[in-house]
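Residue numbering begins at 1 within each chain, and the chains themselves are lettered A, B, C and D in the order written.
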Amino acid sequence: MTGALLTLLQLALTLAAAPLVTGIVRWVKARLNGRRGPGPLQPYRDLLKLLRKETVVAENASWLFRAVPYLVFALTWLAAAIVPSFATGLALGGSADLIALVAILGSARFLLALAGMDVGTAFGGLGSSREMMIASLAEPAMLTVTFTMALLVRSTSLPHIAEFLLSHDVGIRVSLGLALISLMMVALAENGRIPVDNPATHLELTMVHEAMVLEYSGRHLALIEAAQMLKLVTYLSLIACLFAPWGLDVGAVPGHALALGLESWLGKLLVGALALALFETGMAKMRVFRVAEFLGGSLLLGLLAAVFLYVSQGL
Amino acid sequence: MLLSVIGYAVLALVALGALGAVAGRFKATHDVVYGGALAASLVLLGAALLAFGHGDAAETLTLPIGLPWLRGHLRLDLLSAYFLMLINLLGAAASLFGWQYARHEPEPARVLPFYPLFIAAMSLVTIADDAFLFLLAWELMSLASWLLVLSTHEEPDTSHAAYVYIVMAATGTVALLLAFGLLAGSAGDYSFDAIRTHQLSPLLAGAVLILVLIGAGSKAGLVPLHVWLPLAHPAAPSHVSALMSGVMTKVAIYALVRILFDLLGAPDWWWGVVVMALGAVSALMGVLYALMQHDLKRLLAYHTVENIGIIAIGLGLALGARADGLDLLASLALIAALFHVLNHALFKSLLFLGAGAIQRATGERDMERLGGLIHRMPATAVAFLIGAAAISALPPLNGFVSEWFTFQAILDGAAFPQWLLKFEVPVAGAMLALAAALAAVCFVKVYGVVFLGRARSDAAARAGEVGRTMLVPLYALAALCVLVGALPSAVLALLRPLAAYLLPGGPVALARSSWLTLVPFDAGRSAYSGFTVLVAVAVLAGLASLAVRGLASARTRRAPAWDCGFPDASPALQYSAASFAQPIRRIFGSVAFAARETVDMPEPGDARPARLEVEMRDPVWDWLFAPVARAVAYVADRINIVQFLTIRRYLSLMFAALVLLLLLVAVMQ
Amino acid sequence: MTAFEYILGIPVAAALALALVPSYRVAAWLNAFASAATLGAALSPFVERPATGVFFLIDDFNIYLIALTAFVAFTTSLFSLRYILHEVAIGRLPKRYVRFYHSMYQGFVFTMLLALSTNNLGVMWVAVEGATLTTVLMVGLYRTPEAIEASWKYFILCGVGIALALFGTILMYLAAEPVMGEGLKAMTWSELLPRVSAFSPAILNLAFVFLLVGYGTKVGLAPLHAWLPDAHAEGPTPISAVLSGLLLNVALYAVLRFKMLLAGNPGALAPGPLMIGMGLTSLFLASFMLYRRRDIKRLFAYSSIEHMGISTFAFGMGGPLANFAGLLHMTMHSLTKSAIFFAVGHASQVKGTQKIAEIRGLTASQPALGWALVIGVVAIAGMPPFGVFMSEFLVVTSTFARAPLLAAPLVLGLLVGFAALMLRLQGLAFGKAEGTGKASGAALVPLYLHLAAVLVAGIYLPGPLVAWFQNVARLLG
Amino acid sequence: MLHFANTAYDTAHLLDTGVLILSFALLFQRRLFGVIRTYAYQALILAAAAAWQAHAQQAPHLYITAAIALVFKAGIVPFVLQRIVTAFNIHRSIETALGIGATLVAGMALVALAILLVLPVTTSSGALTRESLAIALSTVLLGLLMMISRRNAVSQVVGFMSLENGLILAAVGVKGMPLVVEISVAFSVMVAFIIFGIFFFHIRERFDTLDIHQVERYRGERER
């Protein structure tokens, strides 16, 4: 029962927090660039504005084009509800593990890429093609991270991993460090952040995600934007859950632990947002075909992590 | 009892074939053959399902045919039953589809005799219980499918495809024959019972493994023996392609499992290394090949190579684990492989039948000439979308379940004591993940280019929805894809006993899973519930739409596409299949296929169109098959000289032979 | 009169009669009827088996070969009926030769049956020689330079071979004489067989070499095969059919008879290695030869060499199983190959050419004929459910029982040959039909009769046949 | 183990050796008529040998063989061959594929092989048989050698027939070989000759020479 409540709470909180996180990232970036920039709450206004606007649908768009935003939003939201962000006792925790999580996000991307192809424009195709290319490279890297975790914890279920890391002293391991870097690189790619993609650009040839959703407007666009924000939060919570589960409510003492969990989660999100903003400010976007090398690197790091773990276990 | 029913059903199929041969040109024969094939397949399907009721108790039957002293042995055990079910489930679907589809074949009389024979042969393979009958059925299967491929004999590429196919098939049969020879040993008893009891030295067992990998692998399409598959599968009529790609390759997997897990005693750990490596390479190469294709059916055929690779990874893990006594892992990997066998059969047949529907509606197989079919063939589009999502291993569909199992098995690969396996497993896992992700890319390409966007040719623009009898099987298969994905426990009810049967003694994985949730080892380690995901997505999507309806304005306007303000009149400006695959081609193709792009960009003011030319080489063909062909040609040329000697020289040959033999005798005395 | 008088008398009488009949139409029919009568006579030993006498031998080995020979001779005569009439009609064959052709046909059948049924080494030799003479004349029937060259080659090579065989026969007598005493007994199979163990092994070995080379020439074993392809290609197709279907079998029968003798003698060296060697050589040479053939009849002639090689290999392997396989393979090959030559004959008549390149898409232009060719070639290539598949399966598996390592080259050779045949078959039977599409007035009954027999044998072997084969296999050692 | 008292043996030995010597002479000949004449002599001696064997073995039927050899081989065959050669005016010199000298050396080697083969294995039979068998085998092999080392049709035919001489020598040499063999041999030689005749005739229809090269231009598949 508590599981269900916690899940509902997380659904609500992630949805509520998602625009804020994106807003903070944008705001900090603006500040770091020396601009004043819109306030952290701007994304809420944007979403509402989009919702109220009239929706324009291309003439030859099919039913798929109109169904996709809802499905993408639902899938991403579900993913967000699976990752233990402030508590491990989630109802859905037992019905999808790390691999399933990746796959769920994958289905969202699959549908979105299809939508990009639906209208039959050059840019839509370009966006879908590149988005899928990046994803195809990011997923194996993600799996090697998973593999490292499975080696260490002998589990792929997120709550269990978190509880394990909290209860046992795994110490600082090279493997974990490598895995963390690898996962971060994946996260950057999956969320279309610099250096892989630039969420702010509207210069046609550099767009990836933006090009894919180019034809969307109004409420559809609002849903897709929201899904994108949810995805960012999900990845931040995922990194936190896997590498910094401190303060997570493992269901020992309900009341107080829950509050602690919430506080620590918000704290982590904030830190993550700031780190992301700093990183993006420091980096320049790379050419599309350098992305392969970037993600190939993260794949190698992941494998290295697994190998190091073997060695350390073999000793 | 069941076995005799099966026997009669197979016999009926053969009889239908004979009927098709003699009365092929009459209209009524068509209905009789396809209707009969459908009925027989349903009977066989039912019998196979009932056979699971028997549990481990195998039913045997001996026929007075075949070798006089061996007789024909039939045996129905869980393994046979599982594959028999598979074959005839899809056989029924294909028959129903073909009933209408094949009417419009250029020469239906060339399909009628061999189509039922093909199903009969495949079914017979699964119940054969001696080497002779097995090889007879096996080769009959090749023969029937070869003739089915040749049914389109007047098309230019068919001849080459059929030739490559039949030669590869014969090579495989020969390899299997040698394998059985080793298995039976000098005792020379070729009944499977005798073979089971006959123990082999590790060296010979290894030789058998290699031979079986050549024999069954060439039929299944393991790299590098896959070359015939993308040629032959597309050449056949689509309902046959569906069977060849979806089912015949599974019969090869059956042979692999039957020999490696049943006939050929305890495995060695390096077997796992070999099989897994082959699987991983096949999975990755297969999907890369597929991405480079723009012929729809050939692309699907290459995906068969990929999926066979995934199955082989599972089998390899199972072999290694069994050798190392990791029974739980072994059973999980085996279940994963066999589950994927079913899933691939389902969605691959669905996709091939869909391709058939498209071909029927547009007469096109070239994706670059299709597009926008979601508007013209809405029903087909939905079914095909489900198939595409399933083969891309997206939850909550069936493809994901078996790949998830495979991943779970791989993640447990640390348990292997051998370092070679320890290191191979994560690499194989990464390759599998890459293959899965690329498969998603490939099917975004397929669906996006074929069904979405705008029509690229008049044929596509004028296409119309196909008939109901062709849609029914499509939707049946699509429904199964969803059901198996959401409630896989039903399939597990068949697979867990089967795994226990093949790996006697050890515990069987997934003991703790319920109808709702799959739990490979224990809940703490990993769990997945397709049903929950399905429901959750539905609910959340519902919530979202309610919220939007509440908050947002419902005003919607149809307008020309924005596309950054580019007025693009021509559908040719859309992203094509080639352009969609371009990034992948650039990243992997240059390595795997030595892909070269040459761009010919005219000077400003030059009116001629710019040209982009891509040329790719097939490494397997270049490095393996071309040399063999060259060698044979060389020897043939050299030996051919003997045809043109003078009589005197022939006499000299005789004389030399005589003197040589005389010397031999002189020496021997 | 015993069965033998009929079996041998009918062909002789027919040969003489046909030499006198002026009308070639009548002659053709008479030929067929005579063959039918011979077949009837040849089947009678199954009803009640005549006793083995001084002149005639009857055992499980030749009883079925006699029947097989008479059967193929009969079906071929049916095929020849239409074929010859057509050849005369298109003026390829002068009428005056037809009379001679039919008389020689019966003469040839006579020599075949004599060689099979005689109990005397010398008479067998005479019969095989006679077979050469009769067929030489028919190979040269068309009088084209190619035909003359072919029959010249045939005659010279087989003449020499036969001469060597005679020398071998003399040596065999020399070996027998000290034990059996002088006179006929020393040349009588039924007398030699029980007492062969006492013969001088050394002479037996020497004799067998000459007999193997001598009769081996007629079997068409490489490197003694040179006459075979051209003789098949240049003569009338019915002759090609009987050459492949009968003559090769009979020659092999002779070799096997002598192998029996050697098997009976402990001291003699096993003939196995020699036969295995020649068999494999023939298999490989023929298999590679198939790739470069441009004449359809020569193609299948080489395939005959291939299959004779396989049978010889099997017999060389020895043992009840391998011998059984060899016998089955002999039988299946002669049935299938003659059927193929029927089909080829019709095809080349319809298309008016023997060039493979000019025969295309038979299944499209002449379905009945084309599919028959497909079935025949698929069968001869060793695909199920036909008899050759079973026999080849047995050959390979028995090799595994005896000498596993030899199985590898064997199957390799089989594969090479298979690939070549399929390559040609696809060209012949499939693709767009070329050339004249006029229906062939072919009598396809004999063709499908053979194929049906091969099909049944591939699935189910009747008990009696199995029993004979097993007895013979035991005798062959 | 030679017994000089044994005239039967000596004479037979002498005659057999004569046949062998003449086989060498055949190899040695450079001119067509020479070949034919030598062949006639060989047949003559063969007849004598057969007759002597008939006398020695008290086997009257061998006289028939002798007669056949005398009439057909020593008489008719050479005569007809000469007629053919003159009638078709075939050029008279022999084209050798293998030099005369080399041929003779090879011939010696073959004789050695024959003796090596026959003598050790026939210890059971009488000396007479052994010697004549060894020589007969040599003759057979030399005949083959002649066929493969000469290019002209006629000389090949002669080679073939001297090979048959060797066979008859063997047949008569073996004690008590039943009549059937001689008959078959005679029959075969006769038929063989008829066939040759027919062949020459056919070839006559096409060519004005018997040189094998001309025939072999039409080897299978050459022109196709």
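As a convention for this text, a residue touches a chain if its C-beta (ideal position, glycine included) is under 8 Å from a C-beta of that chain, and two chains touch if they have at least 3 such contacts.
Here the structure is a predicted model, which is why all the values come from computation and not from measurement.
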What are the chains that subunit A and subunit D both touch?
B
So what's the Cα centroid distance for subunit B and subunit C, whole Å?
44
Chain centres from averaged Cα atoms put subunit B and subunit D apart, in whole Å, by 69
In whole angstrom, how far does the Cα centroid of subunit C sit from the Cα centroid of subunit D?
31
CA centroids of subunit A and subunit B: separation to the nearest Å works out as 35
Subunit B, residues touching no fewer than two other chains
643, 647, 651, 654, 658, 662, 665, 669
In subunit D, which residues are in touch with two or more of the other chains?
117, 120-121, 144, 147, 156, 216, 219-221
Pull out all the chain pairs that touch, please.
A-B, B-C, B-D, C-D
Within their complex, state which residues of subunit D touch subunit B.
97, 110, 113, 116-117, 120-121, 141, 144-145, 147-148, 151, 156, 212-213, 216, 219-222
Note: in the complex, subunit B contacts subunit D through residues 643-644, 646-649, 651-652, 654-655, 658-659, 662-663, 665-666, 669
Seen from subunit B, its contact residues with subunit C in the complex are 64-68, 110, 131-132, 135-137, 139-140, 142-143, 150, 153-154, 158-159, 162-163, 166-167, 170-171, 174, 177-178, 180-182, 184-188, 190, 632-633, 635-637, 639-640, 642-643, 645, 647, 650-651, 653-654, 656-658, 661-662, 664-665, 668-669
Contact footprint of subunit B on subunit A as seen in their complex:
11, 48, 51-60, 62-64, 70-71, 73-75, 77-78, 81, 92, 94-97, 99-100, 103-104, 106-107, 109-110, 113-114, 116-126, 128-130, 132-133, 135-140, 142-144, 146-147, 150-151, 154-157, 160, 204, 214-215, 218-219, 222-223, 288-289, 292, 299, 302-303, 306-307, 310, 313
Using the touch definition from the top, list the residues of subunit B that touch subunit A in their complex.
371-372, 374-375, 385, 389, 392-395, 400, 404, 407-408, 410-412, 414, 422-423, 426-427, 429-431, 433-434, 436-438, 440-441, 443-445, 447-449, 452-454, 516-517, 523-529, 532-533, 536-538, 540-541, 543-545, 548, 551-553, 555-564, 566, 568, 571, 573-575, 579-584, 586-587
